[in-house]
Structure formats: C-alpha cells, structure tokens
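In order of appearance the chains are A, B, C and D, and numbering begins at 1 in each one.
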Amino acid sequence: MEISINNYKRCDIVKVSGRIDSSTSPQLLTTFNSIMDDGKYKIIFNMSDVSFISSAGLRVLISTQKNCKRYNRGELALCNLPENIKAALDLAGFIPLFRIFDTEVEAVGSF
Amino acid sequence: MEISINNYKRCDIVKVSGRIDSSTSPQLLTTFNSIMDDGKYKIIFNMSDVSFISSAGLRVLISTQKNCKRYNRGELALCNLPENIKAALDLAGFIPLFRIFDTEVEAVGSF
Amino acid sequence: MTKTQIFPGRYDSLEKISEFIQENTKNAGFDGFTSYTIETAVDEACSNIIEHAYGQENIGDIEISVSINPSNLTIYIKDNGKPFNPKSIPKPNLSSNLYERKGDGLGLYMMRQWMDEVQFEFVDNKNVLKMVKNKGQ
Amino acid sequence: MTKTQIFPGRYDSLEKISEFIQENTKNAGFDGFTSYTIETAVDEACSNIIEHAYGQENIGDIEISVSINPSNLTIYIKDNGKPFNPKSIPKPNLSSNLYERKGDGLGLYMMRQWMDEVQFEFVDNKNVLKMVKNKGQ
C-alpha cells in the first residue's frame, strides 16, 4: 500500500494505492490521525487506486468519519470509488454515512 | 469552440475546447460576464483543450481578471495550460497577472 | 481439481492468500466482481483466524484448499487455534446513523452475504471453515 | 512552391486560414511550436485587416500566398482596405501591474516577436503584408 497526501486551502486529499486489509489498515489509520492531529478535519479519501478493502479498512473509515464529524468540525468524504470497492461499502451499509463524489475536483469544490 | 461551466461551492470552472480567436472570443466574454452577473467572481479557466488563443482571447482574459479582482471580490485563475498557450501568455506578459495551476484540483483547492 | 497451500498466520500473508484465491477464481471462470467477493470472504476468514483463533500473529498456520467443481468453487480453511462457535455471534449493527454505527462485526456478515454457503466445524482438533460459491448465477 | 488562397474578410474565415497555414508550415518542416507562432502571426494580421483595414466584416477579401523556400517560409497577405502605416503605432504596454495593463495593442507585437520579418507596404492600391519565418533556428 502506498499513501499520498495533498494539502489544499480547505481540505486534504489522501490517496491510497493497493490493498487495505488487516496488514495495511493501521498505516491508513495513522495517516488520518496525523492529519487530524494537525487540527484538520476536512479530508477527502481518493479510492481510485484501492484494489481491495476488507472490514479492517472499513473500520478505519468509520472511526475517522466519527472523529472528523465531532463538534461539526469536518468530514471524511470519498471520491473515485472503483465498482468493487463501492459494492463493499454498499454491503456494509456505508453509503449513507459518507458524501461520495465522482472526482477529486467535485469533492474539493464541495468544501 | 465549446464552453462548459461547472459550479462549485466557492468557485466556478469554465472549460473551453477549440480556438479562441476574434470569431469566438465574444462568446467566451459573454460566458465570463454571465457568471459575474450572478455575483460570482472566483473563476477558474481550464485551458487544457484550448487549441489556439489570439490577442482577442487574451483581451478577454485581462478584462475578466480586472473585473473579478475589483473590490477584492475574486480572481480569474488559470489551469491546465498547454505549452503553446502558455508561450502566448508569456509573450504577452500575462504570466505575472494570473495564478496558474497544473490541475483543476489544485486550482479549486486554492479558493 | 483441488489446490492446497499453507500460509503462516500473519497479516502480511493476506496479500499472498488473495493472489492464490484470484488464480483459482479466474480458472473457475468467475467474473471480476464475483472473484472480488470470494477474495473478500477468504480475507475476512483468515484475518479472523489470526486475530481471534490464534489471538495474535505467528502462532500457527492457515491451510487453504480450493476445489473447482463443475457447479461451484469450494474452499476449506483450516487452523489450529481455539475452537470457534459462530452461533454465539450476534448480527452486526448496520445503522445508517453514524453515532450508533459500529465498525466491527462486519467480517462474518460479509462472508455470509457474499458466499452461498459458510460453515464452521471443529474436526480433529482443527477449525475447518467450508465456504462455497456457486457458478453461473 | 507558392500556394495562394482567397478568404472572405470575416472572422469565421480565421479557422480556415489557420488550417491553410498549418498545412504549409507542416510541409515546410517546422516543429509544432514554431508552426503555432506562425499561425498566430497570420491570425493577428487577418483579424486586424477585418477590424481595422476594412473596419467590419464582409467588406472585402483577404488573399494569402505562402512560399516554402529552402531557407524560409514567406507569407504575403493582401487586402483592399484603407492604407495602413504601422510606423504610427506605439509599442503596447506590457506592465505586470494589472491596473495599468491594457489588453489591446498585442497583435502587431506578437507578429513582430514571433516572425523574423514583418513588413507592410501599400502597392497597386493594396495593403501587402510580407512576413518571413526562417528555417532551422
């Protein structure tokens, strides 16, 4: 798994390429936590290059979303979901819990 | 020339494909003016599909930039400049007059 | 045709396990999405073995056998960890209210939703998980 | 080899003029960027003819001849509009201060910067603009 972060004026974009499973999801959690530790709670997660997500990865998303939304200070939004990943989010009932955008531009433009 | 407009929370993206010459530049000016008439002065001009720009097109950019920046209410930013177009802007001394971004995301993320 | 492979009970085995499963789902003729659902079920099962049956990494192995049958793909996953009785596990909370919503308990749910048969047994001092995905649906 | 084409003095001729120029710059072997600079110079010249020499669209024609020579590309552009004396035209303001900066007066400047020779004459009651771009620079 590789993680990149891009900082913009009103939000940060996190992009992962590869698998998000029990082996790699702690690294993703650390990334989200380090952004929040900097006082930034508007995060976009670009999933275009995520090849696989297990329930361990889904847990990271839900706990990050709760953390971001606390005190109305922000939000974790998702973008560029591959079909398989979207099906996993759907099965887990996650679709109503996140704003989901087709492109990074739409996601950034929404903050 | 074809023009598309996408509205985001804090800015609008205008994208043109084709030639911006004396024949087509009035249409571009009308587009920018109609956005400003709606009270929106933060505009991004995505030039990736602009094949040609003459001085008539450059005039539209400068007058729109002046209009946007008046009263500090906004700005015309440019993104995705093809090499030839960038050379024309450079020759005309326009590079210092606009913020120029490599991608739409960076441009939107800057507002 | 049955293929068997043994993997060390560590999280970094999960990627190799996925590759092993993908090879087999491909050979069995499943489409990309169906393969993905099977890959997910196996990943969840193996993660649970490491986390819950063994309790941590590097305690024991995971043995996976895959049979491509005319009408289905059948997978057996065996471990030597503590016996597991899935009957006692409640369904997960899938609330769409973020604050009531929990992130855990999804693994078994995803396995059951995405496979046609999921069955746990304890045989010869081993946990044996059988999962079946039917063809041509 | 010289090719000549006549276009109606209208702004929607500019695209066809560009295509005619591109064909010739390609045959002459110029690279993409150099072709673009020549295309720009011709577009500016023709826009000026319609706007300033004819004063509006549909008053007269624009005749363009292009010669591919061993050492250069030479373009002649003729119109029947009012005589033009470029000597009287001041250089444009290229200030990098937005509020002092004007958007007009760029056309002649771009022609002169991007071509190796730009020369206006009034001959036989016609404006004749000669522009040359050298090869192999």
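Just so it is clear, contacts are C-beta pairs under 8 Å (C-beta built on N, C-alpha and C of every residue); 3 or more make two chains touch, one makes a residue touch a chain.
Every value quoted in this text rests on a predicted model; they were computed, and no experiment measured them.
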{"item": "Neighbouring chains shared between chain A and chain C, ordered by label", "value": "none"}
{"item": "Centroid-based (C-alpha) most distant chain relative to chain A", "value": "D"}
{"item": "Whole-Å gap separating chain A and chain B, where each centre is the average of the chain's CA atoms", "value": "32"}
{"item": "Centroid distance [mean C-alpha coordinates] between chain D and chain B, Å", "value": "25"}
{"item": "Chain B and chain C: spacing of chain centres that average the CA atoms, whole Å", "value": "54"}
{"item": "Between chain D and chain C, distance of the C-alpha-averaged centres to the nearest whole Å", "value": "72"}
{"item": "Touching two or more other chains - residues of chain A", "value": "none"}
{"item": "Residue list for chain D, restricted to those that touch at least two other chains", "value": "none"}
{"item": "Pairs of chains satisfying the touch condition", "value": "A-B, A-C, B-D"}
{"item": "Chain C-touching residues of chain A, taken from the complex the two chains share", "value": "19, 21-23, 52, 54-56, 58-63, 65-66, 69, 83-84, 87-88, 91-93, 96-97"}
{"item": "In the complex, chain C residues that touch chain A", "value": "11-12, 14-15, 18, 32-33, 36-37, 39-40, 43-44, 47, 50-51, 94-96, 98-99, 101-104, 106-107, 109-110, 113-114"}
{"item": "List of chain B residues in touch with chain A within their complex", "value": "6, 8-11, 13, 104-106, 108-111"}
